[in-house]
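Below you'll find a set of structures to go through.
Shared between the two complexes below is subunit A, which has subunit B as its partner in the first and subunit C in the second.
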Partner chain A sequence: MPLAVIDGALLAAAVWGLGLAALLAALPSPRARGGSLAALLPSAARGTAIVASLALAAVGALRLAGLETPPLTWDAGLPGGRFALGVDALAAPFVLLLGVVAAISFAARPAAAPGGASRGERAGMALHAAFALALAAVFTARHALLFLLAWEGMTLLSAALVASDTRSARARSACFVYLAISHVGAALLGFGLLSLAARAGSFDFADLAAALARLPAAEASPLVWLISAGLVVKLGLVPVHVWLPLAHPEAPGPISALLSGAMVKAGLYGLLRFAWQMPGLPIAGWGMTLVALGTITALIGALYAVVEPDAKRLLAHSTVKHAGLLALALGLAGALARNGQTALAGVALAACLYHAVGHGLSKALAFLSVAEATHAGGSRDLERLGGLARRLPRLSAGALVAVLSLSGLPLLSCFAGEWLMFQALIRGYSEGPPPLRLLAPFAGAGLALATALAAAAMVKLYGIGFLGRPRTPAAAAARPVAPGIENALLLLGGLVAAWGLLATWAMTALGAPLGAMLGPAFDPTALVTAGGLALAPPPATSASISPLAIALLLAVFLAVPFAWARASGGRAEVRRAPSWACGIRLDPRMQYSALGLTKPLRLIFGRLLQVEREVEVLSQGSPYFGRALRFRSGIPPLAERMFYQPLVQAVLWASDQARRLQAGNLHLYLGYLLATLVALLVWAR
Partner chain B sequence: MTGAPLIDWLPRSNAINLLAGVFLLSALYAVTQRRTAACITAYTWNSLSLAAIAMLVALLTGARHIGVAAALVLVSKGFLIPRLLRRALARSRSRAEAEPYVSIQLSALLCGALVVIAFSQTRVLFGEGVSILASCLPVSIATTLVGLFLMVSRKQALAMVVGLVILENAIFLAAVSLTYGMPLVVEMGVLLDLLVGTALLGMMVGRIEESFATDDATRLTSLRG
Partner chain C sequence: MTALLVLLQTALLVALAPLFNGVVGALKARLQMRRGAPVWQRYADLARLMGKESVISEDASWLARAVPYLTLAAILVAASWTPVLLARSGMSFAGDLVMTVALLAAARVLQALAALEAGTTFGGMGASRHLALSGLAEPALMLAVFTLAIGAHSTDLSTISRAVATAPLGWLSPSHLLALAAIWLVVVSETGRVPVDNPVTHLELTMIHEALVLEYSGRHLALLEWAGAVRQMVLLTLVASLFLPWGIALEPGSVALWRGLAAWLGKLLAFAVVIAVSESVTAKMRLFRVPEFLGMAFLLSLLALASASLLR
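Moving on to the complex of A and B:
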């Protein structure tokens, strides 16, 4: 098998390449040898990282094509087996996604100045490569301890990258919230996995599965719940999603792309790996819980995306929404699979995996292009942007593709997944187990509302940020973006379109991971009909869709009128004239503002959002003659109000109660001693 | 170092049981006395009976190091520490004896309960007499509890110190009864500690009086941050 050898070499190349890139970037520039060498080192680091990421993507793609590879092993001298890295069927789509997103994110880093990179740039690049390496280790680890180490490394490195702008107080506090919540999750995950490993006597995933199968259900299910709770933190479900809209936007654009595009999927991967792909799983209630949580998360993410004025944070809220969709599809698949409806579970799971990749690509593109645009326009606040489409047309084209895809429009990478989710929900309602029938209508309605709200958020992002006239001089003077970065983004845009257009082939390629999850009873070819041109969810085909056919129809219907117009009248003459505005001068402030555009939604969801607004009349002298108005509006985060504030208050209250024990009275303390002693004497036998 | 004939012989000798009784009763006497001076007297008797028990054990088992320890106990606990305590009491200006937290009658009752618990639980925990000093173990545990109770119930700092040193005596007795005493170096270290500790506590009581014009330890609450 020469191909398998190449594949194994590719994985090794990916891992060592990312490590080498991190090292190269961390090396101090040799100043004495002149400028050319100083610039060479960062470029070498970037090139190595790109090549290594592409190798990683190739490994994933080859595994999806059915190529088994021997795992890389390393004896770390620890008990419980050798460290092993390998790509199995389940990990393959995630590895492919990570490879592509990481390669583009490295390509989209600004090139180093000719004089060599500064310390901050070098540290950023080194952390970036190390973060990509940690992510790769999470997806390829075949050893639980290595997985935990990689998981923690991923958290710490990304936290360092989030706080890379050390002067920003907002980034520091976001980093703190991120670390705090992540450590709770890591503790739960570590406790669950390590206690399972203790029962197994080994860290190997296969041994863990065997140990879980031996455990009685009363012991196994708490462990699985613990592990799931730890993993859900990374996926960003309500109520542990609060770190996500804070941390993701604070990192530089390429890092945000990796965070939202790939790291969120690590939570999904973990759930598939440890809470499903083991004997006896998924446990009862797991799927339904995920469906409920996913629906709520999708709604909350979409709602906050709509009302968010900060462009990057809007995208982060949209990530929360899509994490909710992924959880919903995963839970649906789990509930159906537990009920024995493998074919239908396959539809939901295919939707989940396809959407994981599709959203990863689109969101990476969105973060990269919006980060470049906001950097060029000088502000992340949508109210200070505008007119970028005319000034930066190529970048804006990339952003447009991302925005259309994230709105869930057909032909792009987020559509087929959401469509399959709807199909699975409708079928689950009519054929699924009784509790699912109760939940499915709510989930379906929630999914529809979330999708619509997310589309509104994307319209706002592009319409306010990129169209219209520049709202500030800084936005009007947006500096051009390096052509290399634009090319990388357009390439990613092409991938987003390809993943959407070739959805049927993508589903066929996902057959291997689907088979790994659902067992031999599942037939992956049943998902597509019409010679592989149309998607049709089994078992009884009631609906089908073919992205290629839609694209063809669209092309025809666009081409025919153009051809007809051309044939009948020729090209109409274009006359350019200033817009007429009732005789007054047009002003950028006459445009719709981001706040104004979402006012109706703010009113409709006012009870839930609890919008704070404050109008102040600024006057000089007499209060009856206002000179200016100051308007301030804000939306307090729901989860913090409803979940974290009570939690913090409860902890403080408990601490106050505990403090009463410490009255400072010597005799009381001695009394505790006496009482403890007597109690121990009486009960210790 | 324990010969088998001695184990046969010892339970027949009631001297140790008698001395153990004196040990426990002196601790209970301290609890029932309101005046600190009487507590110190009770402590003296307590220490003397302890020294006698240790001496008897040394004679019966022939273990020389217990004999040396007994002599040290006699000197330090029987004479030096009571003297230090009395001197501290004499220096103390506050003559008024603060009312204890628990009334004397109730104290006696509670200590009786503690003794019962100690005796019954020692039998549960350690079984019937394995050691030649089987009767001393429940006594020592009971006295530990009584000493601790003295510390809890009294407000005067000096009476609390008496509780502490009684407690320490009980721990010494437990060590002797379980293992025929600890190595001599340890015993000497503990005794030196206790001596220095008592001297320091006496000084601390003086400082408390200076600061609060009373040796009522409840006033220490005001130091809380």
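Moving on to the complex of A and C:
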């Protein structure tokens, strides 16, 4: 079949292209000659990477359209099967998302200076391309060892990128926390997958699935729990989410976009691939655990996003919130599928996959535009930005689309998934297994609260960072952004709107991965009614929404008042005037600050957040005549306080106890030797 | 016919929205031994504002000019599938109760953004309070939605309305009454009524909703005021049609529709009396007491849900 050949060639082009881009970028440009060829190297690397990423997106899209591809194989001479890369139905939406986000992230890289790229820039681009390649390998690997190698490569390359941008202590410590937690996760994942491979006698995914289905439950479920625990680290669920808000914002904007837009989804992909037991059924308790963890994660992420003053870190906390939603939907699907409710599980799983792509697109756009804005305004602190919407209107329009989408506004890419999750929760409550009856109302209320809090956080991000008057001279003098970058961001903004508006088509396209997970009993066309215009969980009588019809209505209801206002109040023009400040000169510091805007929420949730607040009056002589006030406020992360501090203390205590063994007495050590010898003799007898 | 009915019901909600505020105002004036403004006053206010020049801050971006139109449009879309006279809507396929909540939330987010445009203090004050309080109202509202949806096996507005109307004494069940109490508290908070907010206040330090629109004037202010009135009308109509659907027409027919209209107007008048009396006899709460008020709504919703599953 010729089309399949093209598709296979596309995958090869994507993989080799990304590798070539990394090589081209790493080549030193001989600037002494000033040759035209050397100056072209950085652009060539970037162009190759963009084309390769687009090829990757095309592979994903073609697979969703139903085109099966032969996998690329390579005999590495290892036992347990050939290394293979291929895109099956489950991987297709993730590959599509990765391709689109990677292409935009390469397009949004700042162009190299005319004199040739510096060493740091070359290293950054090479690592960027290699990171994209590792991500592509994670999503396309069909071989467990290759998957683990790609997983490790993804972690190490992204850690290098996290520490590359600034030589600040903050980035280094973020990189350390990230590496430490990731390696605990990778160890669990590696142990689980390799033990499974040992039982299967092969590394091939199909053999692993068969082996897992064959194993008795008592043997399979510890393996699945181990693998899940390892994967959940990348997804960023409580309490192993702490690395995410530290590491994601420290990387440069395009890398943050890849980290939050695509790498977090690698955790989700792994859970679907390995823990769901690859087309079998999830093990008992797995789904309910994910629902509970996901709800808590969504709430914690949203709450910390509200109180975060750093623009990029706010977005990272919002990623934690959305990771929680993904886990919630996945767990719900798992619990329902295990209970035999395939149609309903399909609703939750469709919500999960749709939201994974929708959030990936929105968050990539948010990170790219906010990174550009904070770069232009000279600070990541929201209190030092402001007024960017007037100064950089096109960039701000991109940021606005992302912010509105992430606040869960209808018609944009994060809404339909949340709507389906809510529908599945309601139906799961009435028809699902008993534990779900207890959990579903709390998950529903948690979903609502997390969405409302996330909206507040997004209003803070855009309202304080982009609107109002510039809060500092640096923000007032924000540099313009390269038009190429702005165009790339607006294109991504268009995709965010399209994914939301065309949700019914998106759902139909997701039919293939849904069918792969749920088996032939699931009918993907049942998610769509009204001639493909409305989205409805089966049975179609329950409820439906139609983004396109709403968009049409919205256009009418926008046009009618507008035309009427124009016609009736023709003489009443809109006039621009300075803001009124009760007769005194308006100062940017009179505006609400990011801290002030969220003060009510900080007070309401004060018990949970444990806000640290310190006000000091600096005075000379009498304390009643202060000369200056010093204010400091901070919110220690909850997980660190409740989980990691006791953990670290326990480890220290245990090592303290272990030290007692080493008293430094020679006779004692000889005694140990003797005891070990006797024990070995007894054991080996 | 269905298209005409959708149009008619939306038009009713839009046209009568200012009148409801006028009636509440007149009732309150009577209760406070004042003569008060005529019930039509709000229409005159809107007409006056429509004819006036609109002033926008020099610091504002294009968003400030778009938000009044976007807010009104979002609320009108939500109004288009609200069952007013008839518990069967031609627009049911486009949206449900969750979509209504989301559209109202969208209007709220846009207004909060616009309030931060001018770079003054009051806009930020309004945005800050509005976000906090409606954020807390959301879970209570969603739990009430949950209770309703479980009873009707649907989140579709007309289906819920029919299910409650046709169930014999279904509205008398404890879960239904508890959910009604919860949703009333949420509606009071979302429409900016006493004791959460005072709709006629001009004291900067206490206002919430008024501070959000403080920077707007002229035509833009008229659109926002009207949008606020329609939002209140939509929320009250939802209470009337979903919790107390007596008299609502189940099938289209002129007699049934006229009866539906009379029932709807009667219920709205009753709501106006309840609001006027409660606004006259209660004082506004301190801002940081409101979370307790909304916490009560959440608790009532939870009790409603618990009793719904216990008493099945």
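Operating definition for what follows: the second predicted complex is superposed on the first by the 652 of 685 C-alpha atoms of A that agree within 3 Å, B and C clash if a C-alpha of one lies under 4 Å from a C-alpha of the other, contacts with A are read in each partner's own complex, and residues count from 1 in each chain.
FYI, a residue touches a chain if its C-beta (ideal position, glycine included) is under 8 Å from a C-beta of that chain, and two chains touch if they have at least 3 such contacts.
Everything numeric in this text was worked out from a predicted model, so none of it was measured.
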If touched residues of subunit A are counted for subunit B and for subunit C, the larger one: C
Which superposed partner A:E573 touches (first subunit B, second subunit C, both, neither): second
Subunit B versus subunit C as contact partner of A:A389, first or second or both or neither: second
Partner chain(s) touched by A:L674 [first = subunit B, second = subunit C, both, neither]: first
Which superposed partner A:V651 touches (first subunit B, second subunit C, both, neither): neither
Partner chain in contact with A:V682 - subunit B first, subunit C second, else both or neither: first
Touching partner for A:G664 - first (subunit B), second (subunit C), both, neither: first
First, second, both or neither for A:A9, with subunit B first and subunit C second: neither
Subunit B contact footprint on subunit A (complex, rising order): 663-667, 670-671, 673-674, 677-678, 681-682, 684-685
Residue ranges of subunit A touching subunit C (in the complex, touch as defined): 386-387, 389-390, 393, 396, 400, 404, 407-410, 415, 419, 422-423, 425-426, 429-430, 437, 441, 444-449, 451-453, 455-456, 458-459, 462-464, 466-469, 529-530, 533-534, 541-546, 549-550, 553-554, 557-558, 561-562, 565, 568-569, 571-581, 586, 588, 590-592, 596-601, 603-604
In the complex with subunit A, residue positions of subunit C that touch it: 50-63, 65, 69-70, 72-74, 76-77, 80, 91-99, 102-103, 105-106, 108-109, 112-113, 115-121, 123-125, 127-129, 131-136, 138-143, 146, 149-150, 153-156, 159, 215, 218-220, 223, 287-288, 291, 298, 302, 305, 309
Subunit A-facing residues of subunit B, complex: 101, 114, 117-118, 121, 124-125, 141, 144-145, 148-149, 151-153, 155, 160, 217-218, 220-221, 223-224
